[in-house]
Amino acid sequence: MTLSVLMPVFALMTSLLASVILFALPEKGYRLRTIINLAAAILKIALVGVMIWGVAHGREYEAAFTMVPGVEFVLRADALSMLFAGLSALLWLLTTIYAVGYLEDSPNRSRFFGFFSLCVASTMGIALAGNLFTFFLFYEMLTLSTYPLVVHRGTTKALRAGRNYIIYTLTGGAVLLFAIAWLHGLVGDLRFQEGGYFSDVDPSLNGPLTIIFVLMMVGLGVKAALVPFHGWLPQAMVAPAPVSALLHAVAVVKAGAFGIIRVVFEIYGLEAAEAMGLLAGLSVVAALTIIYGSTRALYQVDLKRRLAFSTVSQVSYIVLGLCLFGPLGVIGGLVHLVHQGIMKITLFFCAGNYAETLGVHRIDELDGAGKRMPGTSVAFTLGAFGMIGAPPLAGFITKWTMGAGALEVGMDWVVAVLVISSLLNAAYFLPILHRLWFAEQCEPWPHERRWGRLETSAWLLWPPLITATLMVLAGLLANVPFSPLSWAELIVLREVAL
Amino acid sequence: MTLWLMAGLLFTPLAWAVLTLMVDFRKGRLVTWLGMAVQVLVSLGLWAAVASDGGFLYLLGGWQAPLGIELRVDGLAVTFVLLTALVAAACGWHASIYLDPGKPWHRYFWPLFWFLWAGLNAVWLGGDLFNLYVGLELISLAAVGLVALGGQADALRAAIRYLMAALLGSLAYLLGVALIYGQFGTLSLAGVTELMNSGDAQSGQTFPLVLMLLGLALKTALFPMHGWLPPAHGIAKSPVSALLSALVVKASFYIAARLWLDLGGELGGFALAQLIGVLGSLAIIWGSWLAFRQTKLKQVVAYSSVAQIGYLFLLFPLTWGVTEAISLQAQQGITLQVISHALAKAAMFLAAGNLIMSVGSNRVDALAGVSRFLPFSLFSFGLAGVSLMGLPPTGGFAAKWLLLQASLASGQWWWLAVLLAGGLLSAAYVFRVYRASFIESTDTDQFYHPSRSLEVIPMILALMSLGLGLVAEPVLSVMSLPFEGGGQ
Amino acid sequence: MSRFLGITVLAAVCLVFAGALMITVWQIAGTQAPVDLPGLLADNLEASGVEHPITAVLLNFRSYDTLLEIGVLVIAGIAGISMANTASLEDPELRTSDSLLYALQRWFVPLMLVLAGYLLWAGSDRPGGAFQAGAVLAASGVMMRLGGIPMEFLRPGVLLRLGLALGFSVFLLVAVVSAMAGDAFLAYPDAFTKPLILIIETVLTFSIAMVLLALFVSAPVNGAEEPEEGESG
Amino acid sequence: MTPSLLYAFAGVALCGIGLFGFLRLQHLLRKLMAFNLIGSGVFLVMVGLAQRNGQPDPVPQALVLTGIVVAIAATALAVVLIRRYYHLSGQTTLAEPAAKSARPKARSVNREGAPE
C-alpha cells in the first residue's frame, strides 16, 4: 500500500466518512457539524492539491481491485480527472460555507449535510473513476444522494421535482448501464485510456458501436441536460440554493458532461468518433441545446429558473467543444467545465442571497437591489458578464478558444452559434443587471432580514465574492501554470492525443 | 475437524429447538443467543474449511448413497449455510428484543425458529431427493407455525393459505421424486445425474422434472402462483417475515436450481427454459407494480419479494443450451442475487418493523415526515432498497451486471429489457417510501425511537448487502470451488 | 354458466395432468431401474442391526430422514399447543357421557396398550414399528379423553413439552454421541446398533403418541390474539 | 401389467381426483381431505412403481412411512389452524370478509397522507 494507491482512496474517503459522521451527529450539534464539514472540505482540497501537483509532475495514482468477475474497480488520478476533482473540491468548500449560512435555523440539517457530503463523494468518485464500470457506480450513487437534497424542503412541489428528477436520471442510468454492459460484452473491461480504443476497429463492429455511442449519449445526456432530456433541471430549482448551486456547477450536470468527455476521448477516441460520424450528430444536439436553453431562459420570470435554463445552454458548450475535433476546440470545451462551474455557482449564490435576505425570487422584484446588497450584486454582475463572454472574464476565454477552434477545423457555423448564444445571454442577463443597478426600488422587499452591518450574513456573502474573484482571475491569469486553461492544454497535450 | 463441524452444524439447531421448548421466552432468548453464537461460529468454520480444502461428501450414518443419505458439502452449500447463519442470527437477535415476552405464545417462537434453521441447513446440504422433501416440509411447517403464532383471523387465513400452497407444492415435488425413483432406482441426485450422463440408462422423462419444478415454483411463489406469499409475509411479525422472505423461499428455489443444473440439460428443453424465464419476468413486472400499489408498508416489501424472486428464475433460460462460461456467469449472478436479496430483504423487513413500531401505524402514508427524526431504520430501509433496485455498488447490482452479461453473451437479449425495466420498477416502489418520509407535515410530532440494538441489526444487514457488490469476486470464487467428489 | 365453464376447465386440467402422469408411469414401467437398491439393501441388512428391511431403512440407512420427520411431528405438536387454552382442558363439546363408550373403554384401553407394545416389538423383524405403535397408543388416549378421563399431564406445561420432545431428544443424542466418537452423525457404534435402535423406537413410540394426543387435546382454543403490527390491539 | 402397477395407476387416478378437489373445493376441511387424497395417490405411485417387477422394494415403503408421518403432521397442523380460524372468524373458507376487503381498517389510519 503505497501512497500512490492511497491518495485517490483518501480523496474519496474524506467526504464519504464525513457524510457518515454527519449522519450520526445529533441534529443539535451545529458547531461540531460545521467544524467537521469544513475540516473535511479543507482536507480534501489539500489532498487534491497534492495530487494535482503530482500529476503535473508525471506521478501516477491508482487503486484497483476486482469487484465482480471480469470487472475491476479502478480509482485513478490523471490530468482530466484532476480538472474535475479540483473544481469539485474547491467548490465543495465554498458551497459548504454558504450552506451553513443559508440553512441557519432550518430543520433537518443533519440529514442535509450528510447527503451533501455523500453527493460530493460521488462527484469525486466520478472524477477519479478509472473505467466505465467505476464511473457508472458513482454516477448512480450521485443520483441517489442528490434526491434527498432536491426534495429537502418536503413541499409538494419539491416532491414532484424530486420524482421527475429520479425518473429522468434513473431511466438515463438504465440506458447507460445497458450501453456499458453491451460494450463490455463486445470488447471486455475497458479502462479509460488516452486516444481511446477504437481507432482501428473492425468495421463490422461499427454498427453496434454507433448504437452504443448513441445510448451512452442519451444516458449521460440526461444528467448533462441535453435537449430533449433537460426537463428535470429547471424543476429541480425548488431545492435550497446551495443545492442548486452544487447541482448546476459541479455535481449533476457536470457529471454528465464529464462522462461524455471520458467516453469520447478515452473510450472511443476523438478520431474514431469523428471517423464513425458520431461527433457530427452530437455537435448538432449540443448546438440546438445551446440555442434552445438560451431562448427559454429569456422567458423566465423566476430568477433561479432563468439561471437553470442558462445552465442547460452553457453545459452544452462543453459538449460542443469536444465535437470541434481540434486542439483549440477541445481546450475550449474542457476549460468551460471549470469556468462554467465557477460562474454559475457565483450566480446561484447571489440568487440565494437575494432570496434569503430580501425574499426576492422573481426578476421584477429585483429593482434597486444593487444599492441594498452591493457586494452580492457586484458578484452577480461579474458572473453575468462572464456568461455573456465579456473580456477579460473567464467566459470570454472559453468562447474565444472555442471560436478559434471552430475556425481551425472549418466548422464556421459553430461561430455563428456562439455569437447567437452570446447575444441571447446578453438579452437575458442585461435586463437583470439593469434592474439591479439602475431601476429604483418601488415596492418594499417581500421578506427582508437584517444581519448587523453587513448586507447579509457573512457566511452567505463571502462565497460569491470569492468565486467572482476566482472567475476574474481565471480570465486574467489564463496563461499562468495551473490555471484552468493551462491545465486543459496539459490534458490535450497528454491524453487526447490529437 | 470438518467432521466435528458438520456434526455441530446438524446438531445445534435441532438440540436448541428442544432446549428452547423447555423454557419460557426470556430464558429461551438467553439460550438462543448462545446457540446462535455456536451456530454462526460453526458455519464460519465450515465455510473456511471448504474455502481452503474444497468440498466433500458427508455420509450420514456412515452409509454411502444410494443406500444411505449423503450430504453434499460444496462451496455453494456452505456459502448458503453461512448466509443462513448470518441472516437467521440477525433475525433471531432482532426477535429477541422485538417480540413481547409477556405473550404466552411467544415462548414457542424459539423452537420453531430453530427447527426452521435446521430445515434450511438440511436443504442447502441435501444431496438426496427424498431427504430434500423432508427438509422442505420441516421448513414449511415451521414457517407456517411462525406465521400463525398467536395470530388473529387475518394471520390465520394467511397461514392456512400458505400451508395449503406449501403442501401442494411438496406433493408435486414428491410425485416427481417417486417417478424418478421408479425409473432410476436411486434417490441420490448425484447418482441420477451420473446415470443420465453416462448414457447407460434409457433417456429420462421430462414430466417428473416438470412436476418437481412446478411444485418448487409454487413454494417459491413464482408468478402466477404467488398469491399466498404477500399475505403471509406481510402479516407475520417482522423478524418472521424477514426469515421467510430472506431464506425460506430460497430453499425451494435452491432445490429447483440444483435439479435444473443437474438434470435440466438432459430433461429440460428450450421451450421449458424460456417459459420459466417468461414467468420470472412477469413476476418482476407484476410484483413490482403491485408493490407500488400497496398502502401498507410491509405489503410493499412483501410484493417486492414476489418481484425479486422473479429474477431468480432467469437462471433457467440463461443456463440451458449455452456454453459453460455463460452458464457459470448466470449461476454466479443468480447466487449473488439470492445472497444480496436475502440480506437486503431481511434488512428491509426488520427496518419496516422498527418503523411501524416507531410511528404506530403500518401504512406507508404514516411515514410522512419521519426522516426528520433521522431514524436509523429508515436509512437501513433505504440502503436495502438501493440493493433491490440493483444500483451500484450493491450486491444487487453485481448480480444484475452478471445477468446482463450472461444474457448478452447467450444472445437472449430480451432478458436485458426485463432486467433494466425491473430495476426501474423497483425504484418506483422504493422511492414511494422514501418520498413519504420526506414529506414535511406539521402533525408528525410523535416518534418513538426503538432501542439501539433493534436499529443496528437491519443496518448491519443492509451494509452487508451493500458491501457484497464490492467483494463479489472473493465470495463467488468460494462458490465455484472444484468439488472433490468421493469419500470424506 | 361461467361456473360450469370453470369446472370444465378445471376438470380438463386435472384430466390432462392424470393422463400425462399415466403415460409417464407406463413408460417408466417398461424400463428396468439401473440401480438395484433392494439388492444392495439385502446385502447390508446384516450390518444394520435389525432384521426387518423397512425398519433398517427407517432407523439406520436413512435415519436422518426419520430424525427430521420426527422434527416435523414435533413442530406440529408445538404449533398445536401454542394455540391451546392453557387454563382449561375441558371442552364440553368433546365430552360424551355414553355408557357404551365407557364400557368399551374399560376393555379396549388395556388391549390397545398391549397391542401397541406388540407392534413396537414386532418392528424389528415384521411389519410394525414406532409409528404404528404410537398411533395405537394415541388412539387409546383419544378414547380415554372422549370418555372424560382427565389427563392432567396433557395440560400445556413442562410435562407435556418434555413428552413431546423426549423421543426426538433421545434420537438426537444418540446421533450426536456417535458423531462425538469421531464417526459421522447418526452412525451407531457397531456393538450397540440393535439396543440403540430399540431404545430410539421405544421413546419415539411414546413421543409420537404424545404429539398426536396433544394435537387432539389442544382443541379448546385460547381466545387471546395478537393484533397485527402497527395496529393497537 | 403386474398387480403392483395397478396400484400405481390407482395412485395416478387418486392424484387426479385429489387435485380436482383441492383446486375446486372451498371448504378448508374438504380441501385438506383432497390434499390427503393426493398424498395417498403419490404414496401408491411410489410403492407401486418401484415394485413393478414383482419383488418388493422396502426402500419406497420406508419412504412412504416417513411421508405418511409428515402428511399426518401437516394435516394435524392444518386442522389446528383451521379450527382456530373458525373459532375467531366463524368462517370455513379463505374468502376475505366483504367489509374488510373493500378498504383497510379505519382504525389503522392515523392520518390521511397526500394521495399518491
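Just so it is clear, A, B, C and D label the chains in written order, and each chain counts residues from 1 on its own.
Methods note: a residue touches a chain if its C-beta (ideal position, glycine included) is under 8 Å from a C-beta of that chain, and two chains touch if they have at least 3 such contacts.
If you're wondering where the values come from, they're calculated on a predicted model, not measured in any experiment.
Engineer: Quick one: most central chain, C-alpha centroids?
Structural biologist: The most central chain here turns out to be B.
Engineer: Just curious, how far off is chain C from chain A if you go by their C-alpha centres, in Å?
Structural biologist: For chain A versus chain C, the centre distance works out to 71 Å.
Engineer: Indicate the whole-number Å distance between the mean C-alpha point of chain C and the mean C-alpha point of chain D.
Structural biologist: Centre separation, chain C to chain D: 18 Å.
Engineer: Using mean CA coordinates as chain centres, what's the chain B-chain C distance in Å?
Structural biologist: About 28 Å separates the centre of chain B from that of chain C.
Engineer: Could you state the distance in Å from the CA-based centre of chain A to that of chain B?
Structural biologist: So the centroids are 43 Å from each other.
Engineer: Residues touching two or more other chains, restricted to chain D: which are they?
Structural biologist: Where chain D meets two or more other chains at a single residue, that happens at 8, 15, 45, 49-50, 52, 59, 63, 66, 70, 73-74, 77, 81, 84, 88, 108, 114.
Engineer: Touching at least two other chains at once: which residues of chain A meet that condition?
Structural biologist: Counting only residues that touch two or more other chains, chain A contributes none.
Engineer: Could you say which residues in chain B touch two or more other chains, in rising order?
Structural biologist: 130, 134, 137, 141, 144-145, 148, 152-153, 175, 179, 182, 185, 359-363, 366, 439, 441
Engineer: Strictly by the criterion at the top, what is the full list of touching chain pairs?
Structural biologist: Touch list across chains, by label: A-B, B-C, B-D, C-D.
Engineer: Taking the touch rule as given, give the residues of chain B at its contact with chain C in the complex, in rising order.
Structural biologist: That would be residues 3-4, 6-7, 10-11, 14-15, 17-18, 21-22, 58-63, 66-69, 103-105, 108, 111-112, 115, 118-119, 122, 130-131, 134-135, 137-138, 141-142, 144-145, 148-155, 175, 179, 182-186, 191, 195, 200-202, 205, 207-208, 235, 237-238, 297-298, 353, 356-357, 359-363, 366, 488 of chain B.
Engineer: Where on chain D is chain B touching in the complex?
Structural biologist: Residue positions touching the partner: 8, 15, 22, 28, 31, 35, 38-39, 42, 45-46, 49-50, 52, 59-60, 63, 66-67, 70, 73-74, 77-78, 81-82, 84-85, 88-89, 91, 94, 96, 104, 108-114, 116.
Engineer: For the complex, which residues does chain B have touching chain D?
Structural biologist: Going through chain B, the ones touching chain D are 130, 133-134, 137, 140-141, 144-145, 148, 152-153, 156-157, 159-161, 163-164, 167-168, 171, 174-175, 177-179, 181-182, 185, 187, 295-296, 359-366, 368, 432, 436, 439, 441, 443.
Engineer: For the complex, which residues does chain C have touching chain D?
Structural biologist: Interface residues on the chain C side: 7, 10-11, 13-15, 17-18, 21-22, 25, 28-29, 32-33, 37-38, 41, 53-54, 56-58, 62, 65-66, 69-70, 72-73, 75-76, 79-80, 83, 129, 131, 208, 211-212, 215, 218-219, 221, 223, 225, 230-232.
Engineer: In the complex of these two chains, what residues of chain C are touching chain B?
Structural biologist: 20-21, 23-25, 27-29, 31, 33-37, 40-41, 44, 60-65, 67-69, 71-72, 74-76, 78-79, 81-83, 86, 158, 161-162, 164-165, 168-169, 172, 175-176, 179-180, 182-188, 224-232
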